[in-house]
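Shared between the two complexes below is subunit A, which has subunit B as its partner in the first and subunit C in the second.
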Partner chain A sequence: MNKMTRRIAVLLFASLAAGTPALAETPDSPAARENRWRDLEKSVFDGLTATPDSKIVALEAPIRAEDASLVPMTITLGGDRIKELYLIIDDNPAPVAAHFIFGPAGDPHVVKLRVRVNSYTNVHAVAVLQDGRLVEDAKFVKASGGCSAPMGESDEEATKGMGEMRLKFPGAAIPGAPTEATLMVKHPNFNGMQMNQVTRMYTPARFIDRITVKDGGALVFDLEASLSLATNPVLSFNFDPQPAGPVTVEVHDTDGGYWRQDFVHPSATN
Partner chain B sequence: MALLLITSVVTCAAAEVAEPQELWDGPMHGETPSTLAGAQVVDAPAIAALRQGALLLDVAETPKKPGNMAPDSLWRPIHMSIPGAVWLVGAGLGSSSPAFQSKFDERLAGLTGGDKQKPIVVFCHPKCWGSWNAAKRLVMLGYARVYWFREGVEGWQEKFEAAPVEPDATWADAEK
Partner chain C sequence: MPPARGLLGVTRRDAIFGGACLCCLPSLGRAEDFRVEEVAPGVFMRRGVDREASQENLDAIANIGFIVGDDAVLVTESGGSLADGVRLRKAIREKTAKPIKFVVLSHVHPDHVFGAGAFLEDAPAYIGHAKLGPALAARGDFYRQRLMALLGDANVGPVVMPTKIVAAREEIDLGGRVVALQAHKPAHTTSDLSLFDRASGFFMPADLLFVGRMPSLDGSLTGWIAELEALQAQSFGKAVPGHGPLTVDFPSASEKLLRYLKILRDGVRAEIDRNGTIERAIETVALSEKTHWALFDEYNRRNITEAYRELEWQ
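== the complex of A and B ==
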């Protein structure tokens, strides 16, 4: 009997035995979390298994998050062999928070982003290598309520300036010398779980589902995002500056919102 | 552009929230009173001691998959609760509808075997009026030993292990 049939059988039994409550019986444990991960891993990676190797992927996350709606994640990557990166928050309702596909102008070394965490959970960073091999690192994060945390401002206020963006370069972008950049996008990233404190209605979900960054037309990365990205996402990444630039950022959201902006390399402005 | 760096801040009212006389029909997320007339407010260690023989009632809401999410995208909501708890999704509504009232009444009679002396611990999350309402409703129904766990499952998790729980099927089936 596979898992699904077993689950259906359990549910059927539960509904037949009317009045018998489904109790939360077995306390959560590292082993139970590991089992949930194995299940999740199968559905995300079509049955493939990831193995740890901290030289290729290392995840840094707070043990206890001060603000569950703004949990910083830093993923350090082993470079060129990396084709894709997944950030998976195991126990969030939509576990796959981010999926990066790196392009020829990408330099997969450090990726930083901020996410919402719904309950105490394992977080996995999984790198897909050029040869298809999967490498992972995981951290247990104590944070909860990040998904339903209401915004401190009205929905209207939070939506103001949606799609405005800024790209910061710490130094000059010289071709052949990979450098870092930080992208900031103004967007409420409503996840459908936040209640408007005035109307008492759930604010309908509207979130960024794709960010594409190119430099001089060459792909840096393509990011498929889900509703776990924090409000006003801030994203740091590395790229290999192309001779001409500019860096083009395209942002899409679930409601058909589309914003595009070109950023000139700092080297060209100096 | 400094706007971009403004993060969402949950503001908390500093003033003590007065206990409503009736069920609370306001926003479900927010500062709650520190008391509930007719019920006892408990903390996590007290529940750990009470657990055997008590009915643990989780009344938290469950997230819904947004309609504008890609249909094939993974959706696996997992709900953590106190081990041994029964999860009545959304049983903390302040609704005055007779249908809701009788559904609540019936399910609780089923869970307690009609024993109004049965200790019942009610909780959801911190700053969640749902558990206050459900506990209030129990007091109004004449349950004599109602315990309100204000800190919710997060408060439990601070000190003890939580457990994944499925929604109570009988309660969900009664949804009309």
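== the complex of A and C ==
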């Protein structure tokens, strides 16, 4: 277990030990939220603090989520100087929803992902720059029940096709011309908080905890995820196409599930 | 993992009655607002308000009612809360003393099933789609908690499970009057049941048909379109929609709903095809329909989100 994974685990435990998160819809005071963030920040970043700079990190999130179990987030990044990116949902049971480490084939400009939001909360996007500096942006999101909301279908139905992947490119992938791609993965991402009321049991947690994307063997990004990713995660990112490709996607889950797929670059001629 | 509270020590009775006590209900809203209309001989319906559930309306937002045969009464829809169901039962008793032998649970949504608890004393057959049990098992308690926060604990009532399952088609004889039931594939929800009263010729598609009030998508968009088209081929005439006026002409009313659903489908597909995003779809799809539906803003964005989730894997 590396340092970050351990830290996620510690935070998760601390949060759950304090009891199931309240369903309360009344936001607590901005001051209380700020204090909560300062504590989180301290434990996630070893005492370092992040400063806002919208040229480097800008987070777009809906003010009110249409569906708390599928809340789209877009993070616009200032580019090359960015080494890592965290998405932290302050009041979720496992606040660190995603931690990206960008590699040489990565092009950290826009990252889009979908998360579950359990209660009214601040969401923070924090970038770690090459020089170690932390830059953040935050948004307040009104949503509730996204973690415990029952799935629309049975557990069995939700597990169908697990590990199936698609990678979509808006155009050709030409070396030297950074482009966008959207990765879709079928996975129920059971977070251990959805109750089956026939059995009165919680569906055991089983969620994607790591996604690695490479192009032609060069790392695009390595993502450590927690139980806050939405069911059937969809992830958009930018990368710098390598001469030969292919784009290799590896997905791991908490049950030891492992899926790998290669995607050839779309050619420039069509 | 969170503690599995409620896992141990929950009796079946607790699970069924959800702690609600039928003998000490608080005042049940303004009963004088509750009016049923005889839309056809022996068919009585109450118009739901085109609003979101609130403490004021006690979730009486769906069209609910009952059909009277020679021997028995069938409740077509139970209501949105125990309070709503209690008023419906009172209205039935004002019209007839015949036994209430059947209560239809048309699908999983709270505005259609939480009135069911009001009829427990009649020990009726609770009729539901084969998928209703699992759906209520997964969501019933979640809905109940939400509704209690909205309406007050005692107004909500228990989650009542279906006792008579319809897997495809069934007929119910009320005495000289046969009602035909049909279980549908995923459409509005995954547990939609429709009902046809042969005596009056009235079709009761429940929430497969919304009229004037924005539909909510919770099953399958492509499935809903297919089911509506299949129903159109069955040449139904008059219908009672799940929401909207009590009597409509099925062909024209279903056409308006189909128009919205197809605009939604085509708009979301176009956004997916151009490598778009849910966020952009939410801001752009189906806006031309805004003036045709009450509660458009409350539901369109969410419908787009659900449609996107469904269509992006097709």
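Methods note: the second predicted complex is superposed on the first by the 238 of 270 C-alpha atoms of A that agree within 3 Å, B and C clash if a C-alpha of one lies under 4 Å from a C-alpha of the other, contacts with A are read in each partner's own complex, and residues count from 1 in each chain.
Following the convention adopted for this analysis, contacts are C-beta pairs under 8 Å (C-beta built on N, C-alpha and C of every residue); 3 or more make two chains touch, one makes a residue touch a chain.
Please read all numbers here as calculations on a predicted model, not as lab measurements.
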First, second, both or neither for A:28, with subunit B first and subunit C second: first
Touching partner for A:43 - first (subunit B), second (subunit C), both, neither: first
Per-residue touch tally on subunit A - higher for subunit B or for subunit C: B
Which of subunit B and subunit C A:192 touches, first, second, both or neither: both
Touched partner set for A:264, first subunit B, second subunit C, both or neither: neither
Partner chain(s) touched by A:182 [first = subunit B, second = subunit C, both, neither]: second
First, second, both or neither for A:170, with subunit B first and subunit C second: second
Contacts of A:244 with subunit B and subunit C, given as first, second, both or neither: neither
Residues on subunit A lying within both footprints (that of subunit B and that of subunit C): 20, 23, 67, 70, 93, 145, 148-153, 184, 186, 192-193, 195, 197-198, 200, 202, 204-205, 232, 234
Subunit C residues within the subunit A interface of the complex: 1-7, 10, 15, 134, 136-142, 145-146, 149, 190, 218-219, 275, 277-279, 282, 301-302, 304-306, 309, 312-313
In the complex with subunit C, residue positions of subunit A that touch it: 16, 20, 23, 60, 62, 66-67, 70, 72, 74, 93, 112, 114, 145, 148-154, 168-170, 180, 182, 184, 186, 192-193, 195-198, 200-202, 204-205, 232, 234, 236
Complex interface listing, subunit B residues touching subunit A: 1, 3-11, 26-30, 58, 63-70, 73-78, 80-87, 110-111, 125-126, 153-154, 157, 160-170, 173
Residue numbers on subunit A that touch subunit B, as the complex places them: 11, 14-15, 18-29, 32, 36, 40, 43-44, 67, 69-70, 91, 93-96, 118-120, 142, 144-145, 147-153, 158, 161, 164-166, 184-186, 191-193, 195, 197-198, 200, 202, 204-206, 209, 226-227, 230-232, 234, 254-255
